[in-house]
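Read from first to last, the chains carry the letters A, B, C, D and E; within each, the first residue is number 1.
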Amino acid sequence: MPPETPATPLLEVQGLQKHFKVRHSRNPVKAVEQLSFAVPAGSTFAIVGESGCGKTTCAKLILGLEPPSAGSIRFDGRDVASLAGADRRTWRRQVQAVFQDPYASLNPRLRVATIVAEPILANEKPTRAELDRRIAELLDVVGLPADAARRYPHEFSGGQRQRVAIARALALRPRLLVLDEPTSALDVSIRAQILNLLSDIQQQYGLTYLLIAHDLALVEHFADAVGVMYLGDMVEQGPTAQVFGAPRHPYTRALLASVLRPDPDVPLPVGMIRGEIGSALAPPPGCKFHPRCPQAIDACRSDKPVPTPFSPLHWAACHVEAARATGAPTAAAPAAGAGTHLEPALP
Amino acid sequence: MDPLPTAAKPPLLRIRNLQTHIAVRDGTVRAVDGVNLDIAERETLGVVGESGSGKTMTGLSILKLLPRPGGRIAGGSIELDGTDLVGVPEREMARHWRGRRISMVSQDPLTSLNPVYSIGDQVGGPFRYHGLAASRAEARRAAIDVLGRVRIPSPEKRLDDYPHQFSGGMRQRVVAAMAIACQPRLLIADEPTSALDVTIQVQMIDLLRRIQQDTGVGILMITHDMGVAASMCDRIAVMYAGRVVESGPVRRIYHAPAHPYTQALLASIPRLGQARERLDSIGGQPPSLLDPPRGCRFAARCPQRMARCEAEYPPEFETASGHRVACWLHEGAPHAT
Amino acid sequence: MQADATLAATAHAPRAGWLRRLRGRGIPWLSLGLLLLLGIAAIGGEALAPWDPNALDLANVFKPPAWHAEGSAAHWLGTDNLGRDIASRIIAGARVSVTVALYVIVLSGGIGALIGLVAGYFGGWVDAVLMRLADIQMSIPSLALALVVAVVLDPSFSTVVVVIVITYWTWYARIIRSEVLSLKERDYVALARVAGCSNLTILRRHLLPNVSNTLLVLATLQVGQVIVFEASLSFLGLGIQQPDVSWGLMLADARNYMTNAWWLITLPGVAIMLTCLASNLVGDWLRDTLDPRRKQR
Amino acid sequence: GPLATAQAVKPAAGSLTIAFAAEATTLDPVKYSAGVDTYFIGQIFEQLVKPDPSQKRVNWLAESWEVTDVGGKPVLDVKIRKGVKFHNGDPLTARDFEFSQKRLADPAQSRWSHLQAAVERFEVVNDHQFKIHFKEGDGSYIADNLQLWAMPKAYFEKVGEEGFAKAPVGTGPWKFVSRSVKEELKLEAFDDYWHKTARPTVKNLTIKIIPEDLTRVAAFKTGAVDWIDAVPPAMIAEVKKMPGVQTSTVVSGNNLFLDFAEQVPNSPWRDVRVRQAAAHAIDVDAIVKAVLFGQGERYVQVGKGGAGYDPNLKPYPYDPRKAKELLTQAGFPRGFDTNCYNLTTPREPNVKEMGEAMFAYLTAAGIRCKVQGLEYGAWINLGRRGRNGPPEMDGVISWMWGQGIPGDPGTAWAGHLHSFVAGKGWGSYSYASDPELDTLVEEAKRTMDPAQREAVLQRLARLKHERVLGGLPTYRPLVTLAWRDKVDYTPWPWPGFWRNLQQIGLKQP
Amino acid sequence: MPQFLLKRFGLGLISIIGASVVIFIISRLSGDPIVLLLPVDAPPAVIEAMRKTMGLDQPLWRQYLLFAQHALLGDFGNSYRWQTPALSLVLERLPATIQLACAGLLFSIALAVPLGILSAVYRGTWLDSFGKGFAMLGQSMPGFWVGLLLILVFSVHLGWLPAFGHGTPAHILMPAIALGWYPVAAQTRIVRSAMLDVLDSDYIRMGRALGTPEWLLVGKYAFRNAAIPLVTMLGVYFAAMLGGAFVVEVVFAWPGLGRTVVEAVFARDFPVVQAGVLFTSVLFVAANLLVDLSYGAIDPRIRHAG
């Protein structure tokens, strides 16, 4: 997708926050703290980060499976929270999802036909023939034989199940697909099949993808823009090439450096990063990454960094990098509203 | 390429024609079906392959901890330091081999530690059973020592803590500590990093490498992550449907894969910094181990399949020193011994 | 709508293989056979019983079973203190046991499953209220509650059913609820919501079918428990009343003749035991068969 | 030895543990509600008159008594035995009986205040004589052993009602030691007991309460107790066979009968022929033999020895053909269906089975019983009339009344035979409504002179029998006591009191 | 942790209050206790006076409040039947019942734990089948019947054990067996399946791989984990024991709460029924609270939570 295309983004998330109340604890789990990004129609936006940083929570918020604690989600320019009745149903149809575990995402007691038909029947009243035709078509799109319709999920392999899941997600001809680690439960040899399929479908239907993953190589391969999350916050965001090519946040750098290359000649990247991701129950103050950061300064321990743009589309939230950038005349620190990130510049 | 002088060293572990069967309701799963492996001292052998290809079963066969009921070693030999473990009785396995000469780090650090016993109890345990510590206090001291070796900060303070008070990476270190407690000769590491985040994974691999340098332990590294295998192993064995289809020095496997499966595998993974329009994918599914095909097991998915492939399983051909391939494409190369 | 109905009809569980799994397994077969026999006794009781279960024969009291030296072939399980035929009474008792069990299972299973589904799926205050109710019910020992209720309603067949239903709905509700709690976290439920399915559809299509195995197992296992419960109530004199015959009642009556006539106290107990054993075995086997997690034993 | 045998008074010694099947709910004589209460009360407290082992009423605490007529109103003049002491050492005087009567008449304390309704005034003549002036005749006073129990006025006033309940003091052969409800009552022989010959010879007596038949017998067999009452009928033969064991079988004071819904409009039971048919339809003797192992005695209206007993009154013979005939005459040639209510709580041995058997006989004769079992509470509720509108008893019910032995049916018939009068205490359990019988019942109630009373009751019994009203008498259970040889025991065979341990001890070796 | 316990305590309190309402209402629904209290021919004035003294003329909710108020002060009224305070009647019986319940529980656990462990360790062998079969048999025999059979064999025929009463260990043996018999099956099943889960777990496999002796692995490392679900259920089993006591106490003439309540129910002696049933509820809640407290002892995850 050429980033220059001027259009309202299909999905726009602002200041999204989600806290979970948990038993045995007074503090909530701050699964998502501050999340803002925009996804232009037809592009793929990826969210990466370590386990527990809030990626899945973000997906659930966007899918409307959990109500956000704060912030807004705009779909096609309209605030999702304000939608009601027919509008809400229209929005519902346009956002579908594929989840990580192909075993958990298909009801074992339903036939594939029923699974794929479910979204259709929940929203429309097609005739039997029409329904059959559409099921057959969907199965064809995801590369399953027509007779798959009559079979049960347990008769399929993981890859095939994931195809069924994709068929179901496509049934309502949505505009946005949320892909929560769609391949991480699959075998290496199967992953490529599914990724290629997803890519074909996107091209064919002009779909927009929100991809959640922790395989950085996959993200680089697949996404147009990427957001890096750390403990509920987005710490860096920008076009994939820029973020991967010139990472600004020390966490992004550490993450990229930690990726083991399938090449015995590349040495093991030791000493990039210390310790482990903190607890979402009691995140560190200031910059949440500071306890692990090799270049942390005092400000990191007390103040929360604000996003600093490094190019029109690329920003990172880091005191050190921001200080480094203030030397440059181009990067005027964006004015920050009370406690919220400034909206990054959008295409 | 610089093949390691493996042949010169007497192998620490020598597996020949290992057959491991698991009886299930519908028949017998040939989980491991004629596997040959060698590991020398101070060497790491990576076993890679698809899920279900028999990697874990190979590892468990060495420990003789197959699933009960149903699992058994149906044939072959597993020689460790010259002793064929297949013939060693269970009592002796428990007393003199497991934990003492062979031990294991398993996949999930969250579940590999007993949640209701303290770390000290669990790490100190092996010293007691194997007679390396005469008293509780001695076992404690030994536990502190070994925890220090896996770089748990101030181990003496953490000895009475319980697993849930440790983070995932720390727990995996504790597991490693338990595994190396009695200075085993062979360490079986079954996906020791796959439950860890990338940033922790690096630390864990580094730790294992250091341990190996210090103790000279031979490591059987089971993984499906080609990146992990590349950064950790000296040699690689690629398994497919219960068999080793290719094995050899790590550089040869990555730079000159000889088996179509290995080639396809390497081609199908996205690589950082090498964006491609499309990934190469392998079609189809691996065969069932309940009733594996007679010929080459990859034949059905193989782009270079020949008539012979489906009829007859290829023997191992040695394409270069220590690089063996079970594929008819390499028929010209000499048979491996 | 029309297509929906058709689909739902075809959407039954992958349970087709259950008969096949029964093959070559003796004990479930035997148990099923026993339950079948019980069913036959319950349905065709009158016709099958050699005697009227309440007919007195004061000339033939305390006849031991036929295999005994003093036994008579006419009463092959002997007679009781009023000369009533034990075999006929056990058959008549089977009817009571089976009908009580059926009523209780349908009612408590239905109520409990509904409450469990609703409480588990909707959570929040609905769940809190329903579960507090269950807590309260649980905190009164079931037999104590049963005793009190039985006195209020006066002992009778329907009282027994009511009492046991009151006791058991929580059992279903709790188990179903916990099952639903984990089921509703499954991705396919989330995806159904994403697809726009209504709560009712989700409950009906995704939750109910997935708890149906559990329900079936619980129901089977409950047969035995209900029979024991009913017997206990009747034994205490607060259950089934004459002229209905109940195994528990027979045991209660037999207590006084323990020293004279061992068969009075053993045979109805054996009937209870065999029935429970059969239903427990079938339930157990169903659990093993239907629960995929336990399948590979 | 029996009362008549003179015995040297030896101080009581040793200990004995025995077991009862039932237990008193209270130890306060004015509070007693059930017959069982006297099992315990009767050990500690005494009345003015008491039956002796031969069932003859003898003066007990009374030296003598007579009913005189003063100005057309009856007066009961009683002289009290001298030298009687309470367990606390206080002598028994007329004041104590005055106190006793006052308490009995006070509805706040007594459950039987209504029985004192006919008393006008209590007069203390001197320490050993008192007179009770009546408004009108009250036959029940005489029938009920002159009603009054000797209660220690001074002691009661000192310790209060609660203290008295905790540590009752009477004049009886046994002193109260301790009580644990539903477990045991511990008693001690009263050394100063006035009756020098009829007194216990064992010092400590523990009465265990073991309602469960089997466990009671088991306790006896294992030697945990040396005396038990109510050996279950099924086990009598076995117990009798035990070596070194003696038994005594006595008739219980409970009269069992079947009552019919004679008051329900359109009920077949309104027809005397139907009731007679029922009487002929049941082979009570056979049932008693089979179900009770013979442990029951037939009676007709009044048991042997009771007031109004008529040896010429014979039970309806078992005659199914006659029964059929009577039914046909009454217009039921093919019989009819009726509800039959059966008590299932074992108040008497095998009552439930007895009921079942009798209903089975009725069914065989064409009176087709739909049997319904009732536990005690429900049974009482159904049987009682006029309160809180209980459900109508609309068929046959197995019922019973405690007549006592020797016994007097006056009170019972007032409740079971006299037609129901709301609020007046008449016919509380009655389904009959026969003016002629009502008059006779009322007359009996007024008649205090024993001889006259006997005549009225006999007339009443005959009419009641002929018309089968106020219930069809069936049997009186027999009770078997068993004790080990080492126990020296003389049974005093009266209801409640046959468990009276007036003379019990250990045989001297 | 204290907060968690406080919450449990609150919930327990709600249960008890709820139970008291239920018991109260049910017992008042069953008609007029006066009928059973007064003699047959008591005149209406006497009856009315009695109603008043007993507060039966008040509206139901007032009666409940009165009842609750008095109950809090430990006054459940006098037993209609025994004329003594209902509470003392109940409290006197309580120890015997607790004793019996504990003995029953002990018996069942002593049987279930080894049976469950053996079944799990030797799964699929004859030992497993035996264990399962035995447990299954237990679950199919009503406790009271077991009691009757025990009496039949050991008291009536062999004369080895006393059939009634309490005091010596010999007395408690048969009632405890009869009471503990029924839950053995369920407990065995729990132990077995928990044990199977644990034996399949990674840490046990890890323990094996490190050469931990099998007996240590099973008896120490696995058992403590497997015991957690059993301990979780202990409260429930204790309640089951209390419930079972209602019938077993009747069979063995055990002078406990259960038998007292059963008799009171038959006599419609509601003060005793109310006090008795409420006390069993309190016992149940207390037992569960105790169980909650004891989790921490075997499961450090709970100890350190919150």
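Methods note: a contact is a pair of C-beta atoms (placed from the backbone, for glycine too) under 8 Å apart; a residue touches a chain by one contact, two chains touch by 3 or more.
No experiment lies behind these values; they were computed from the predicted model shown.
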Q: Please find the path from chain B to chain E through touching chains that uses the fewest steps, and give that number.
A: 1
Q | Other chains in touch with both chain C and chain D | A | E
Q) By CA centroid distance, what chain is farthest from chain A? A) D
**Q.** Chain at the geometric heart of the assembly (C-alpha centres)
**A.** E
Q: Starting from the mean Cα coordinates of chain B and chain C, work out the distance between those two points in Å.
A: 52
Q.
Centroid from C-alpha atoms only, then distance chain B to chain D, rounded to Å. What do you get?
A. 91
Q. Taking each chain's centre as the mean position of its Cα atoms, how many Å separate chain A from chain D?
A. 90
(Q) Using Cα averages as centroids, what's the distance between chain A and chain B in whole Å? (A) 34
Q) On chain D, where are the residues touching two or more other chains? A) 214, 345, 375, 377
Q: Two or more other chains in contact with one residue: find those residues in chain B.
A: none
Q: Would you pick out the residues of chain A that each touch at least 2 other chains?
A: none
Q. Residues of chain C touching chain A in their complex?
A. 1-4, 6-8, 10-14, 186-188, 190-198, 201, 205-206, 209-210, 292
Q: Could you pull out which chain D residues touch chain E in their complex?
A: 25-26, 28, 31, 33, 107-108, 111-114, 165, 180-183, 210-212, 214-216, 218-219, 221-222, 224, 345, 375-377, 380-381, 384, 387-388, 414-415, 423-426, 428-429
**Q.** Footprint of chain D on chain C - complex, ascending
**A.** 54-56, 58-59, 61, 81-83, 151, 154-155, 237-238, 241-243, 253, 255-260
**Q.** Complex interface listing, chain E residues touching chain B
**A.** 123-124, 201-214, 216, 221, 224-225, 228, 298-301, 304
Q | Contact set on chain A toward chain C in their complex | A | 60, 63-65, 89, 92-93, 95-97, 99-101, 104-111, 113-115, 117-119, 121-123, 125-128, 131, 152, 154, 165, 168-169, 171-172
